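Following are the structures in question.
Two complexes follow with subunit A in common, the first pairing it with subunit B and the second with subunit C.
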Partner chain A sequence: MLKPRMFLKEECLNIKRLLDDTLRHAYGSAKSEEFYKECRARLNSLSAQVQVVDEANLAEIHTLASQINLLSDTITKIERSHIGELSWPFALVIKEMALEVCRENVKAAHELDPLFFFSANGGMFVYAVFPETKALSRRRIFNVVFPRSFKYQVLLHTILGHEIGHVAYAYHELKHELEAKVTTVLLHGSPFTSPSDLQAWLVNTYTQTLSGPALADAFARWRQEYFCDLFGLLIMGPSFLPAYRSLFHLLDHRGSRWSATHPPTMSRYSMLQDALTFLGWERWEGVNHQNLRQPLNSMYEPMRRHVSAIPPEMRILDPNQVKLATTALQDILRRMGKTLYVHPNADELNGIVTALLNGTPAICTKIEARKGKSKKRHLVNDPIDFRHILFAGWLAVYHDARDKDDLSLFKINRLCDRSILHQDAISTWSEHFEKEPVSSNVSN
Partner chain B sequence: MLVAESNQQGEMRVLYGILARAAMERFGKVPKEETESRDIYFLGILRLLDMYRFDSIKSGAPVGILETPTFHPDYLASEQEDQGAIENALASTHASMRPNQTDKNAFVEEVKAALENVHKRGAGASTSARAIAKEFLEGLIQELKRSK
Partner chain C sequence: MSVISSTRIVDLIQQGKMYLSPILCMEQIGAISVDLRLGNMALLVRGSGTSHVDPRAYAKHDAHGTSQTQRQKFDQHEFMFREQFLLHPGSLALVPTLEWIKLPTNVKGVVTARSCWAREGLNIATANFINPGYNGIITLELSNLGQIPIALFAGMRIAQIAFHDVSPDAADEFAASQFQMSFEPRAGNIVKHDRSFIPFDLGNRKRTRGKHP
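After this line comes the complex of A and B, so read on.
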């Protein structure tokens, strides 16, 4: 048998070779250097501890082995993440949004900003954002996972808004604030204010008995799930709902399945409907655009009817508490860059839906003359929020005029994917050449 | 369960013991090639202090997966026991360092400031910062050992 400490020393050298073989050279992204540096720092810190650990201290040796395993696992997952397997325009915008949420120390000039890598796995329900909670780290590394078969299905990707809510819970100060100002308010008066209340409710509703660690775990998880649903809705906007319902209906078609990790789906639908009503997105008073009203009704009406049929025992949260929690969460999100979804101008949205129905990606730019005597022209970039593109995409899906053969769900998804890509490219170009004219001799 | 996810009983408390000891050993000036490791040790302890301050040691790790698996009760029991031991070790260190100060926030602020001073300035850190950081780390190491 190899002596454990010698074995770990050898494994640290192996990981150094692995790191040099993979992230240093072969990972093509410009960000690979950041991953390389972070993993190298982790490896150096672990190697230093392996050098000094007492050979007889098996608990420490086991713990170091576990950390070395985690690091090796992370490096290989990063190595195997291929951006070509997923919608990378969507991955980039979701990364920007997640960064705003989980920036650990604003004062640290972003040098400790977390790192994100993206991967795709098999299965429709593999959507995930894995927060690192046990690894030694300078910068946290998050793995965002998409279903491989959904490479272009960006309309469903809005479900990741819910998973980013879990990321927010990985930051202790933010979690503390969210628990106090949002989750506790949201669940006030419900059976989820204490483990004993939850236990009583579980016995009555599911004849399930949980106790000890299992009850404590279910209590924490259920509360977090409700919060993440509200979080997803507020950062992704209306397009969160059809994605959420599409996926959850396949997971739990009755909506009342017992799970120790998630509250009943029906109760979550009900809570989201209350939030939607409060936000006023459903009715959207005064909006009667040709390409908006009918698909809005077609999208929202079945949800409303479904929720109205949910039995009272599954309407667990008080609508007034949902309203208060929504307002509190909006206030918190307002200080996190552009994470809070803002409803679009109806004319703008109508234009995007029309473009999609015509089979073209939607971008919002024009070239116009500069002010003053100069005849030079410049690009006016009025970027469309990717969430408006996705909202428009869902409206196109629900539009009666959509020729389902010609404009399939797949094509709408691709058009939305392209729209996000084009918009990002134009914004990048526009920022880079902001002071430069497009051309000095563009004619009318 | 993946090997990397396995959780030997008390693994996190052992890890924090390693971190605290490693931070203690790096109070002075350190070679340039060790600055990243030093960052990791100190940041690990600073994050632990925030967990203590915000009562989030025992509340479980977030799991951002759409279809979350159910964890085995033995795994949950072991993990919660580990978390409880870490929280108790911090509370005991707090009580022994500042017996009259019940405010977690004030205690954490004081210790974090001292640790950050030592982390950033190394041998140039103030004497009082070094003393507070040393007392905290030594106390934490002792309490974590006692909980095994």
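After this line comes the complex of A and C, so read on.
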């Protein structure tokens, strides 16, 4: 039998070989170098601890074994994250957004930015972000999971807005602020102000109870779920809702099911509807564009009907509190780069929907005449926020004029994905644009 | 059938009659053509995948066989902007253009290499007509005719498209192609409508007249 310490020593060497072996593949949405360095640093630290741990200290050895096991698991998952299994233009924008939320608040911040890797799993409901709550060496590593079969279903990917909410909650400094300014406000006056209130509500509504530890756990988790829903809506915008409804309605069409980890969907719909009404996105007063009004109504009307049928005991959160929490969260998100969703200009959105309905991507280079005497023309590639593309995508899905044979849901998704890629090309071009030196050798 | 000048190309785009986007700089538009950029994917023929190109493999009856033949023929690589992709001498790669294009039914496109790249050995193969009414990315068949590998980056201008008037408009039944609304390159069907000439069952060498497998 291998003694535990000897086993771990050997395993550290195995992991070193494994880590080197991963370099055979191009993995990660960014270069493999950063992952390699971070994992190597973790391995070096663990190896050093294994060298000095007392053979008789089995508790410490067990802790080290868990950490080595976790590192091995992380390396294997990273190795398997191929960009060919997911929509990488979408992965890049999600990564940018999540980075804004959880960037370390220290000097030389970019060197300590968390690392994100994306992996695809089977199943329809596997959207997840697994954040490390603290850095095990220098940088935290986050795993973003997409359903493999949804490679190009970018319209559904907006559900990741909810998961980024969990990322924010995993970031200790931010969590306290979010708890105090948003979650507590959101749930004020609801059954979720204490575990005993939650227990009473469960008894009254479902005639069910949870035991001590399970109750405490559910209390914490449910609160976070409501927060993450609101967070998802505010960072992803209107396209969060149809994705949310599509997935959750399939899981639980009545919306009354609850678990120790998630509150009943009905109560979450009700909260989101209140937030939507407050934000004014649903009515969008004064907008009568041909390609906006009808699909807006078609998209939101079923949700309004659904929410209006929700019984009073499931309308748990006070609309006024939802309003206050929404405002507070908007203020926090404004600090985080472009994380907060801003509604587009109606003309712009109408143009995007029209492009998609014509079977072309949303990015449409305009060629305009210069102002003044010069007759030269110039190009205009107005930047388009990916969330506006997705909003337009959902409106195209709900548009009466969509020829469902020619412009399938899959094609709209792919056109939106292509649009995000085009925007990335435009941004890359603008960011690195340099005037080229004049050359005498000109050829076409 | 006349070649369309840059002035008319710009007019067609401005009037929304032709879609070609994104165009990143005015230098992309030449006197009678528009430069096309390399997209973010490459299908590279996998040496170990198949022994030879066999038309019969395109017409196997079971879904597994046909699909496997086409999928295993190529390795698919996706690469982001500013990431390198190497094209080795003698290898063939199917790549998409970055640009999406939608042609009116009275205009056809002709894709050719850019001479500066051709001088480095990069060849854009010959299937270069784009049908009137086509809507999608354009697949380029790249091969390296030189002796040394060529590093390519997504977003580089590697090809060009010229446009010709078609008169009268192409009828819908002819305008549609098997690659209409393509989002990425894929293998074509080389036996489509030619199955009569392919002896599918070479195993027992029997010929069944009038019967298509």
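In this section, the second predicted complex is superposed on the first by the 402 of 444 C-alpha atoms of A that agree within 3 Å, B and C clash if a C-alpha of one lies under 4 Å from a C-alpha of the other, contacts with A are read in each partner's own complex, and residues count from 1 in each chain.
Criterion: a contact is a pair of C-beta atoms (placed from the backbone, for glycine too) under 8 Å apart; a residue touches a chain by one contact, two chains touch by 3 or more.
The structure displayed is predicted, hence computed values, not measured ones.
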{"item": "First (subunit B), second (subunit C), both or neither touched by A:E173", "value": "first"}
{"item": "Subunit B versus subunit C as contact partner of A:W429, first or second or both or neither", "value": "second"}
{"item": "Partner chain in contact with A:N69 - subunit B first, subunit C second, else both or neither", "value": "first"}
{"item": "Which superposed partner A:A216 touches (first subunit B, second subunit C, both, neither)", "value": "first"}
{"item": "Subunit B versus subunit C as contact partner of A:L92, first or second or both or neither", "value": "second"}
{"item": "Which superposed partner A:N358 touches (first subunit B, second subunit C, both, neither)", "value": "second"}
{"item": "First (subunit B), second (subunit C), both or neither touched by A:N44", "value": "first"}
{"item": "More subunit A residues in contact [subunit B versus subunit C]", "value": "B"}
{"item": "Which superposed partner A:L421 touches (first subunit B, second subunit C, both, neither)", "value": "second"}
{"item": "Overlap of the subunit B and subunit C footprints on subunit A, listed as residue numbers", "value": "none"}
{"item": "List of subunit B residues in touch with subunit A within their complex", "value": "2-4, 6, 8, 10-12, 14-15, 17-19, 22, 33-34, 36-37, 39-41, 43-44, 47, 50-51, 53-56, 58-71, 73, 76-77, 79-80, 148"}
{"item": "Of all residues in subunit C, those that touch subunit A in their complex", "value": "10, 13-14, 19-26, 30, 33, 37, 40, 76-82, 98, 100, 102, 114-116, 119, 135, 154-155, 160, 181, 183"}
{"item": "Subunit A residues within the subunit B interface of the complex", "value": "37, 40-42, 44-45, 48-49, 53, 59-60, 62-64, 66-67, 69-70, 72-73, 112, 125-131, 133-134, 136-138, 159, 162-167, 169-170, 172-173, 175-176, 212-214, 216-217, 220-221, 224, 247, 251, 259-262"}
{"item": "For the subunit A and subunit C complex, residues of the former touching the latter", "value": "29, 83-84, 88, 92, 358-361, 363-367, 377-379, 381, 411, 414, 418, 421-422, 424-426, 428-429, 432, 443-444"}
